[in-house]
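Note that subunit A is present in both complexes that follow, paired respectively with subunit B and with subunit C.
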Partner chain A sequence: MRLLTHNMLASNVRGVTSGYPLKLEATNWCTKEVDLNADFIRGLLPKIDWRALVAATRALNLPELLPEEQPSEEEIFAEGAANVEGSAIRRIHHALLEIHVQQGALICPESGRSFPIEKGIPNMMLHEDEV
Partner chain B sequence: MPRPEIQAPPDVFYNEAEARKYTTSSRIIEIQARISERALELLALPNDGVPKLLLDIGCGSGLSGETLSEHGHQWIGYDISQSMLDVALERETEGDLLLADMGQGLGLRPGVIDGAISISAVQWLCNADKSSHDPRLRLKAFFGSLYRCLARGARAVLQFYADNVKQSEMIVTYAMRAGFAGGVVIDWPHSSKAKKSYLVLTCGAPSVHTSLPKGKGEDGEMCSDDDDGDSSGEDGDRTVGIYERNRPNKKQKTKKNGKGKQWLLKKKEQMRRKGHDVPTDTKYTGRKRKTYF
Partner chain C sequence: MWYLCVFYHRLLDYRRPEVESLAELFGGPGAGDAVEWRMPENHHEDSPFHLVRLPGDERFAAQVANRSLLVKGIYELWGHGTTYEELEKSIMEYPDERKLPHLTPESTFKIVVDTFGKVMSSQEQNEIMKSLTYIPFKGRVNLKKPEHKFFVIETDDYGSNNGLPPVMKRTIFFGREVGAADRHLLPMYQLKSRKYIGPTAMDAEMAFLMANQGLARPGKLVYDPFVGTGSILVAAAHFGAMTMGADIDIRVVRDGRGPDCNVWSNFEQVLAIHWLVRVVFLDLLLINYWLLVFNQILDAIICDPPYGVRAGGRKSGGRKILKGVKGPYTVPEAKRDNHIPSTAAYSLAECVHDLLHLAARMLVMGGRLVFFYPVLRGEDGSSNTQFPEHPCFKLICSCEQILSFRYSRVLLTMVKIAPYTEEIKKMAEEQHRDFRENHQKWLDEGNLHSAVFSPAELAPDGNSKFDRDSKPKYRGKYV
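And now, the complex of A and B:
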């Protein structure tokens, strides 16, 4: 599971009103390189919950990767920023698309229900009494 | 073989042996690829080369997702079968996979997804595989959550095999109740094997862009051989694909008063010309007998 998906997922348990963001607990994760597409990031960024994304990177022990405050659009999409190592857009791209959580759990902030992640696949199945 | 939906629940039916078919059978792979290609076409994403974030509901082994990846899109796949997802892992699909039951709702934040496709999955919702399952509630939960997570104006294309008209109506009704605009597009409606139904839904208020696209082969155009779902069988036994029970009844055209005096006289004349012994025409010819005879 990439952090992009984690950013979109919310808990679905009955009685939970928002269930977002799911707390990430990762015991094992890896990175896979993906080509950067600035247009995709541009379209995606307004939909990203920045605080949840930062919290997720912190949970993976990567406090340096993203700043607390979202960088301005001009800074992210500055001319040629995509080619500069360590630029804002590269970091965002890396955080969203290149980090794969392999093992761990997602925890619902309201009900405390834990959704296990195994082999990179979160198990979001609910029990009968949670539907 | 009966349809998979009546054999077992999806998480049981798609076991390891069944999932294996989705990597080894070139026929299944080809059909899946063709359907997903068509679904993507019906999704009508803007042609600006910008990748989108899409959903693949019932992604299975990721065959349909592969088509999305080929077009450069990022996707999140949902499936209920662990075995199928294991195969997807083996194939190293590019999208993210989730083990989830779509009848429980998708569990996504509102308005974040640019489009959704689903290949041969929605009909599973019509089954009640557990005592706690109510198809109506599950359809409602699925379409409701799908509507919420899609961005305004986004589309969803769901290919499905309905068992009967009622089932198809039920699916469409619940989609409309969730707020979607759209309807069913049927490709190759005259063929029993190649016939495919796509539920094309648009999120948000209906506009010019929500008009339904036309299905393939609607105006009598026949599908070519390689569009047929089944590649087995010799050319000789290829028949026109109409289900026997769907074929319109051939009724004899008889009017209330029989075929009429004109017709009878014509026939008698014909028989005379052939040299048969035919009674002469009188005022009684072609008259109805009295009922008490």
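And now, the complex of A and C:
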């Protein structure tokens, strides 16, 4: 599961009004390199919940990866930034698309229900009594 | 500029929409609508020969042709006629300034003689090539890697009885190739060489056509809510899109048939062949299909919903709905961890309703929803069906694939044209209440399985009610 996917998921256990963002617990994760596409990031960024993304990177013990506050558009999409090691856009790209959580769990912030992540696939299926 | 567009004699309904979608893909919004079509004189719509006007230059036409699967070639038409004399006259009239730049002494070329609906011996082909001396070819012949490929394409005036589209007069076309489909990718992606397939895996050609309809390309996010073995997303990923898939069945997506035989291995296997270092954009989810929170994030949803002929749909909710048990069903605490929840049958109507609703919410404006919809063919072979509608979507094309004389599936391509509003959300919730309360009714109504597989009813004269000649002889699953 990429952190982009984590950013899009919510818990929908019966009775939960806002099961977002899910708390991430990862016991195993890896990174896989992906080509950076600035236009893709540009389209995605306004739709991403920055705080949830930052919280996810902190949960993976990567406190340095993203700043608490979202950098300005000018900074992220500055000319040539995509080619600079450690630039904002490279970090965002890395956080959203290159990190894969293999094993762990997603915890509903309201009900505490734990959704397991196995073999990189989050299992968001609800049991019969939770629908 | 007008070109001669020659299609493969396959999947007839899919051919023009594919070219229009690819024009939109490479030309930007509106370019698809700007494509114009004409038929050559005396040619039936099902003929492989079409005249097309594309918005853009020759490089644009080449891009469209090269990415397509059903375009045998797009040609700059130098001349045509019903006899070789007429062809010569027509070519001579074609302006020199269009011809000479491709006939220079330093260029290399080759001439191909092609036919449709007839066979020609190599001797006859040679004679035709020799008869072209009135064209001042100055370059050198190179059969392997020519700069310019010239085509002589001949069709016959066969009658209506040999299974091919009728009303076609003998025509000879001469043109210079601008671009052609790369069908070499099909054998590499064919299902039989894939490790992990299911009973309803999408065949590779159709999956690529769907990816083209969904405008898959790098930088786009494509979602399949019924991912199964991933056969549709593989095609979208081939074109560089980032893909996301969800399924309700944990055994299919998580376990597959072992450590090297699952959805991940499918992606690695087929893509690794080609894109040596490419990392696959795939993320899998196991959810009750519709659970994604953000609005307007996906560029396309491409899927083949389970409509109950070969596989029925399932949804969260458990068996109790079916058995009419009212009491609460609780999962024992000790078994919660590895519990696989039971699922309830999912009627086609509800499934399609949910799909449209999800798409209305999740797609960006201008995003595309591409999915198959089953259609029962009437006794006269007609298939006048009301396709699903939604206030957020405009249907841009419907392409029928005839599966048997009783039913077809139609590939619907819709574009999101209006934003998702509170009002639409309320309407959907009401509809949902109805689905829940009249679960059995909806299941029975949408039951295609019996309509497709029950024995044919016989008319009083002892013949099947279905008229087997109701469709042209040449139409079938792949044509």
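Throughout what follows, the second predicted complex is superposed on the first by the 131 of 131 C-alpha atoms of A that agree within 3 Å, B and C clash if a C-alpha of one lies under 4 Å from a C-alpha of the other, contacts with A are read in each partner's own complex, and residues count from 1 in each chain.
Keep this in mind: contacts are C-beta pairs under 8 Å (C-beta built on N, C-alpha and C of every residue); 3 or more make two chains touch, one makes a residue touch a chain.
Just so we're clear, the structure is a prediction, and the values are computed from it rather than from any experiment.
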Side-by-side fit of subunit B and subunit C on subunit A, or clash: clash
Contacts of A:E33 with subunit B and subunit C, given as first, second, both or neither: second
Which of subunit B and subunit C A:Y20 touches, first, second, both or neither: both
Contacts of A:E85 with subunit B and subunit C, given as first, second, both or neither: neither
Partner chain in contact with A:T5 - subunit B first, subunit C second, else both or neither: both
Which superposed partner A:G120 touches (first subunit B, second subunit C, both, neither): both
Single subunit C stretch clashing with subunit B - from 75-83, 129-137, 147-155 or 255-263: 255-263
Doubly contacted subunit A residues - partners subunit C and subunit B: 1-2, 4-5, 7-10, 12, 20, 37, 39-40, 43-44, 47, 49, 97, 119-126, 128, 131
Complex contact set, residues of subunit B against subunit A: 49-53, 72, 74, 76, 80, 85-86, 89, 96-101, 104-109, 111-114, 130, 132, 141, 145, 149, 151
Residues of subunit C that touch subunit A when the two form their complex: 218-221, 242, 244, 248, 250, 253-254, 264, 279, 281, 283-288, 291-297, 316-318, 320, 328-331, 336-337, 339-342, 364
Sites on subunit A touched by subunit C in the complex: 1-2, 4-5, 7-10, 12, 20, 32-35, 37, 39-40, 43-44, 47, 49, 97, 116, 118-129, 131
List of subunit A residues in touch with subunit B within their complex: 1-2, 4-5, 7-12, 19-20, 37, 39-40, 43-44, 47, 49, 97, 119-126, 128, 131
